[in-house]
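Next come two complexes, and both contain subunit A; in the first it sits with subunit B, in the second with subunit C.
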Partner chain A sequence: MKALEKIDQGQLLLLLLFTISSTIQLPLPRFLALAAGRAGWISALVGSVFGLAILAVPTLLALRLPPGPLPVALESLLGKFWGRAVCLFFGLGIFSFVPLMLRVFGAAFIVGMMPRTPASALILIFMLNVFLLSYLGLEPIARSAQAFAIPIVLAFLVVVFGSIPPLDLLRLKPWFADGLLQILRGATFVAPYFGEGAIVLYLIPALQNKEGIWKTISWSGVLVCLAFASLTFASIGTLTATWTASVPYPGLRLARNVSIGRFFHRFEPLFLSMWYLSVYLKTSLLLFLAAQLLAHVFNQKNYRLLLGILLVVAFPLAFLPKDLLEVFALQFGFARLMSFVIGFVLPGVLLFFTFRGGKTQ
Partner chain B sequence: MRLPFFSKRKQEQKKEEFSPSDLAQRQVEQKTKLRSSAKDNAEALQELMGKDNADFTTRELTIPTTPSVEAQLCFCETMIDATALNKQILEPLLLSVREIALRELPGKSVAEKIGRNLLLAGKLQNFQFKDEVLSAALGGQVVLFLEGSEIAMGVELRKIPERAIVEPQSETVLRGPREGFTECLSDNKSLLRVRIKSGKLRFDSFRIGRISENEGAVIYLEGIANPKLIREIKRRIKSLDVDMVADSSVLEKLIEDHPLLVFPTTLFTERPDLVEFALTEGRVGVMLENSPACLIAPANFFDFFKTAEDNYIRWPYTSFIRSIRLLAGLVSIWAPATYIAITTFHREMLPTALALSIAGARENVPFPAFIEAFSMELILELVLEAGVRLPSPIGQSIGIVGAVVLGQAAVSAQIVSPFLVIVVAITSLSSFVVPLFVAERGVRLLRFPLMILGATMGLYGIMAGMAAIAAVQTAMTSFGQPYFAPLAPFWPRTLTDIIFNPPIWMANKRPKWLRPGNRRRQDFVVRDWAQDGENPDGEVDLSGE
Partner chain C sequence: MKKVLLLLLLVCPWLLGGCWDAQELENTQYITAMGIDLESEDKILLSLNLVNTEQLNSTGEPGSSGGSNGAYYLATATGRDLYDAFRNFAKKHSRRGELSHLQAIIIGEKFAQNCMDFCLDWLNRNRQLSSTTSVFLAGGSAYELMRTKPPQEKLAGDYLAELTSVGAAVAMAPKVNVQELLVSLITQGRDAVLPKLERVELDYGERGEGNETLGIDGMGVFRGSYFCDWLSSHQARGYFWLKGGFRDPVVLVLPNRGRWVSVQILDVDAKIKPRIEEKKVRIEVEVFARGEIFEVRGAGAKIDDTFFHRVGQLLAREIQGEIKRTISISQRLESDFLGFGEIVRSGVSGKKWQALNWRQEFPTVPIEVRVRGQIRRSGVALDQIKAW
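== the complex of A and B ==
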């Protein structure tokens, strides 16, 4: 098994931020507007608070697991068989996101930027990039997150703040018109995605210094919350709740409206390009983690061989959904459920074992 | 960190093919002790040098002491100073020692007596083995064999053609020192020694090349450079088994972490002042005989955007110009690809007036934007290469011809659009703004694959290309230190050094990413006079004097 690479807390924060927020960033306002109407942005805030509670569970588990990389720690805690079984479940669970993300990615680019290019071509190029980065390992993934953080955040801010001129607060008022139940319904759309934060189970043991880890996790949660809430707020305030609920990617629609000095405009290609980077980082990380975990299960010393195999498997799986609606259905159904299971339910059960007498750090 | 795609099996196979056993055998053969017969030793040396070797001379002499001593003098006449040979060796040994009783001279052996008392040599070395004698003679020493002694003496009388110390053409400055290294290692060492008069400045010598036996030196400041870094550099050099290393650029490729990639991971300079700055930061230099460039390690990506002058001009301008250089670096890689992507795929991003203007200019151009831009960039590379190859007066003319042909004629003939000429011009200007970027022309190659990606997939393709480039860069290391630091990994305190060049009195610490042995560079308060209670404002009243 590859020796555990080391990352720092800033890198952990960015990896969490990109993992939780990147894929659903574009369509989320649509679903929040559908669920909670004009109070969708409040749902994003409330959902993020619930999400932080979800994120706390794998974090606590990672801190209580025996020392060493996740597969080793699981074997120490549960014994060889059950340790590997859980490892297999985690590995397959994380891998299950990869084909979906490939398709989500391809669909968004076809809708937003390259309608005449076949999705397979887009996805193949994307896969090559993902393969290269995950092949290079965790440290380059974490460093790439740092290298790209500034342009990604800048592009996001340009879109959010660029929509301020056409924004009308009246489109958001009254704040609680649809009632608390609707807001909570919307919140349930957001919160489970924080389960993707299960990556901390692998990343926390790789930290150079674990001091102040809760602060880092909290900050990443707060930043995700701000990203979701601000994008939804800007979408509904600019486009109205009805329009937001009717476009597939409200974020892209916002980017189209941005105009700086009546010269720079139509930012959606630029915004999508930056979104590309965040999805690329997330997919590479998830593929890397899945390959690492499965390599341990199948006694493979080198996880890199598995990367290729996993991508070859992921490619045809990415084309299972027939259309964009099916992609959305999987993204807001299966992916939400799987995030919740691997990020909350399973870590919760394992946490119980650590309290029950398993070895702790 | 090892980058992928290197076949382990191949490397192992290679190891077997080039087993060091043959080298060791060769070394054992050469480690033959000298004999007591001066003539035999001289003949053996002549044999090693080749019997018909024209520049190797053996001179038999009898030193007229009491008793007289038979001796053999061996040297390469093209490598030594003949006047010094006469004055320092022949005159003392043949003229000044008549009737001197050897027995009365202090020293245990004949060799010691003659070496200590008769030879006029500042640097005298004793050799026991044939291979030592051989390399001494080839290195410009005059070797003296004495009859009855198994020890040979070497006197350094080296004189080789040298050029003057001039300002390096590729690193000129408006302000700052104007001296540059030459091809002579000892001269280069003195240039550094003059600047750093500290016993901590170390020149650890090494020899490299089976055939060329080039002399070199690992240069560092003891206590400041990280000992592990010094060990690693020496280890890499020591492990090399090559015929010859003609220049430090060859050595660079032999010892750098990623020799297959286009990005250089070792700095090089011909300026002693830059080496001085690097050494005091905790970096290590490597110099070779016959090479005017000093390698400096480790280096990160952003070091290639710095110039010597940055240290001499005021910091606001340095900061401004550094940010311009960084921007230029991006433009030089991105500009043509972005032009192709926007004109082909993302016309909606352009303001209407500009889009119409570009469309109007391209109306009669028969080629698609990609062919237009790609061919112009290729022609530009041709012009640049021709300019470099030709003598400078003709080279300038080629530049003008190129500009006229590429610019006016191509636009008039409606082969390319005027906008593209602007883009190509900006691209080439940008690539020349970046100081060491220019020297590493390989980096400029990246614009071609990016153009292809931009032409086939628009901004999406460019982003994919940049993501791949960044992935490789973030995985790269320079002698173990991350290449993309201090941006990734993000070290905020050193990050300012990318753009801002803090005034010397504020740069109290050495860069953390270099992991120097001693991080503190100077006292917290450098400008102590400004803190002085007597004259806090710095105002001096000179009227009363």
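== the complex of A and C ==
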């Protein structure tokens, strides 16, 4: 197998941040407002704390796996058959997010900015971009994350801080209006997505230097927590819980309300463009990882051929949900479950094997 | 493979050349102000101020919008709802109506009384509409007001957008935009207010169309989603003391017979404290207003600390009276436009709030108002100057 491309810890942090946050970032406040009402933002905080615990499992596994890229390490740990079987499961699990991300991207752009543009046209252009970046490999994906990090974070901050003038704390009080149970219910909409941090299983072995890795992982978790909680806080504090629960993408609605002075209005096109970059990075990374893992399973030396095949498969799959509500059902149903399985359940089981001692360890 | 990639990259610029759904400027009809009236039970009248782009940069008189030569013209359309009215508007216009530059929405009195719900969903869903667009309530019909061409600005929309800022600053009428209206209509424990827009004369000695303009004075208050009554700017002052948002309002006090003192308020700190005991709610309002002497007319005691103290007491009494008057109107109308319920709600659990039944409870809730006034300085003059 080709030697791993190398990334640094800063790049790992950004890739984790974009991967965990970008699937649900735009509609999350809606679901938290539905589940926990005014206390939705507390659910985001509590969910993120649980999420950090979830994220710790694949991180610990990645540190305990035998050396080498993930497929090689799995074979060393479990033997050839089971190693490949687990690799196949990981590969398919990660790939299952790709069609969903294509559709999530298309749906958000159509609802937010381009209602008359056919989704297929948007998704095709997006696929082309994703293919080009994942074709170039892990290092360019990681470097792109570095290059785009500042505009993405700035756009996010403009939306959150731009919401402060119309924000009213009364709309968020009392903090525990409907009880702890509702908050915990809301937390279940957040925590499982930290399972998408399973990408660390591939990324940690690719690190140039693993010293201080727990600090990096913790920081990425904290930043995701801040992103989720601040967006939900701003959304409920500005729009009220009722309104937040009634719009598909409260993040976009907030961006629309941003009004700074007499010259800075209607921020949603810029915000959506920056959000696009984070989705683009995430989808490229997931496609790259899925192709790498599946190429190993099917003994393909060149994973790049698989990139094209996977995208061709992903395109019709992206149109399986009939409407936006079905897209949401997948985002907050299937994706939530799959994230939990590949990011917590499976690594948890594998972790048990690393403590028992692998076959070739 | 590199060649294939290069080819792919060369294909990309074809996708960037333009959009099949592009909206060209010359095919767009910009709308700067919009009026909504209820014409009959199932018919809505939509009045639109449309920008005459060819004339916008000409050196014509402001507001000279007669015929097709003015900076804007008025067009109307009717329909069962707002969507239908806009579709009917398109039947007689070759250009596509564009609302992204809409600066004012004027809601007719009859519409607000009967079917405000009709436009809520439209305001929420419309993609082009900016959430900062100002909203007004017309005294009478919005259409009639939109026929008035304010001579102060070329576009009535520009004029109205500025008018609301100025009116709110001097505590004449609240400043409300689309987002604030929607939030106040959907927030439990709070009712909406809108500034009252009416036709006024620029020069009372003159008559005729050129002398008419639009002005704001007071506000319309809602109970739920229905307009219930008007408050004059005098009656509405209590609202501003509690809600803030105004700049340097002036209060007139009379320390002795024949003497008038205007106090410019520089800082107001209002606290609303609900006291909830079992199912009984009591509200305490505490206001602390600080200001400076703005104008003194008539003879009286020397302007010193004693005078400041006396004027401070009178100021507090005046403000207290204004707040009490507004609260009493609010309770009489059963419209919690001062948002006491929202504050109560923020301090109790969801279940307790439901049990309170605020709509029913509010008119009888005891509200105690305490005001302190302080004069901090004597403005730019220490004492009155007098002719010898």
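Keep in mind that, in the parts below, the second predicted complex is superposed on the first by the 356 of 361 C-alpha atoms of A that agree within 3 Å, B and C clash if a C-alpha of one lies under 4 Å from a C-alpha of the other, contacts with A are read in each partner's own complex, and residues count from 1 in each chain.
Note that in this section a residue touches a chain if its C-beta (ideal position, glycine included) is under 8 Å from a C-beta of that chain, and two chains touch if they have at least 3 such contacts.
Keep in mind the model is a prediction, meaning the values are calculated, not measured.
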After superposition on the shared chain, which partner residues are touched by A:Gln146: those of subunit B (first), subunit C (second), both, or neither?
first
Contact-wise, after the overlay, does A:Tyr276 reach subunit B, subunit C, both or neither (first, second, both, neither)?
first
When the two structures are overlaid on chain A, which partner does A:Arg266 contact: first (subunit B), second (subunit C), both, or neither?
both
Between subunit B (first) and subunit C (second), which, if any, makes contact with A:Gln11: first, second, both or neither?
first
Look at A:Pro66 in the shared chain and tell me whether it touches subunit B only, subunit C only, both, or neither; answer first, second, both or neither.
neither
In the three-chain superposition, say which chain, subunit B or subunit C, touches more residues of subunit A.
B
In the superposed arrangement, does A:Leu122 touch subunit B (first), subunit C (second), both or neither?
first
Is A:Gly348 touching the first partner subunit B, the second partner subunit C, both, or neither of them?
neither
Mind working out whether A:Leu132 is in touch with subunit B, subunit C, both or neither, as first, second, both or neither?
both
Same subunit A residues contacting subunit B and subunit C, which ones?
114, 117, 125, 128, 132, 135, 265-266, 304
Subunit C-touching residues of subunit A, taken from the complex the two chains share
37, 114-117, 125, 128, 132, 135, 166, 170-171, 173-174, 177-179, 239-240, 242-243, 246-247, 256-257, 259, 265-266, 304
Taking the touch rule as given, give the residues of subunit A at its contact with subunit B in the complex, in rising order.
8, 10-11, 109, 113-114, 117, 121-122, 125-126, 128-129, 132-133, 135-137, 139-140, 142-148, 262-267, 269-270, 272-273, 276-277, 280, 304
Going by the contact rule set out above, which residues of subunit C touch subunit A in the complex?
1, 5, 8-9, 12, 15, 19, 21, 100, 124, 127, 130-132, 179-180, 182-183, 186-187, 342-343, 346-350
What does subunit B use to touch subunit A in their complex?
1, 3-4, 345-346, 348-349, 351, 457-464, 467-468, 470-475, 482, 484, 487-490
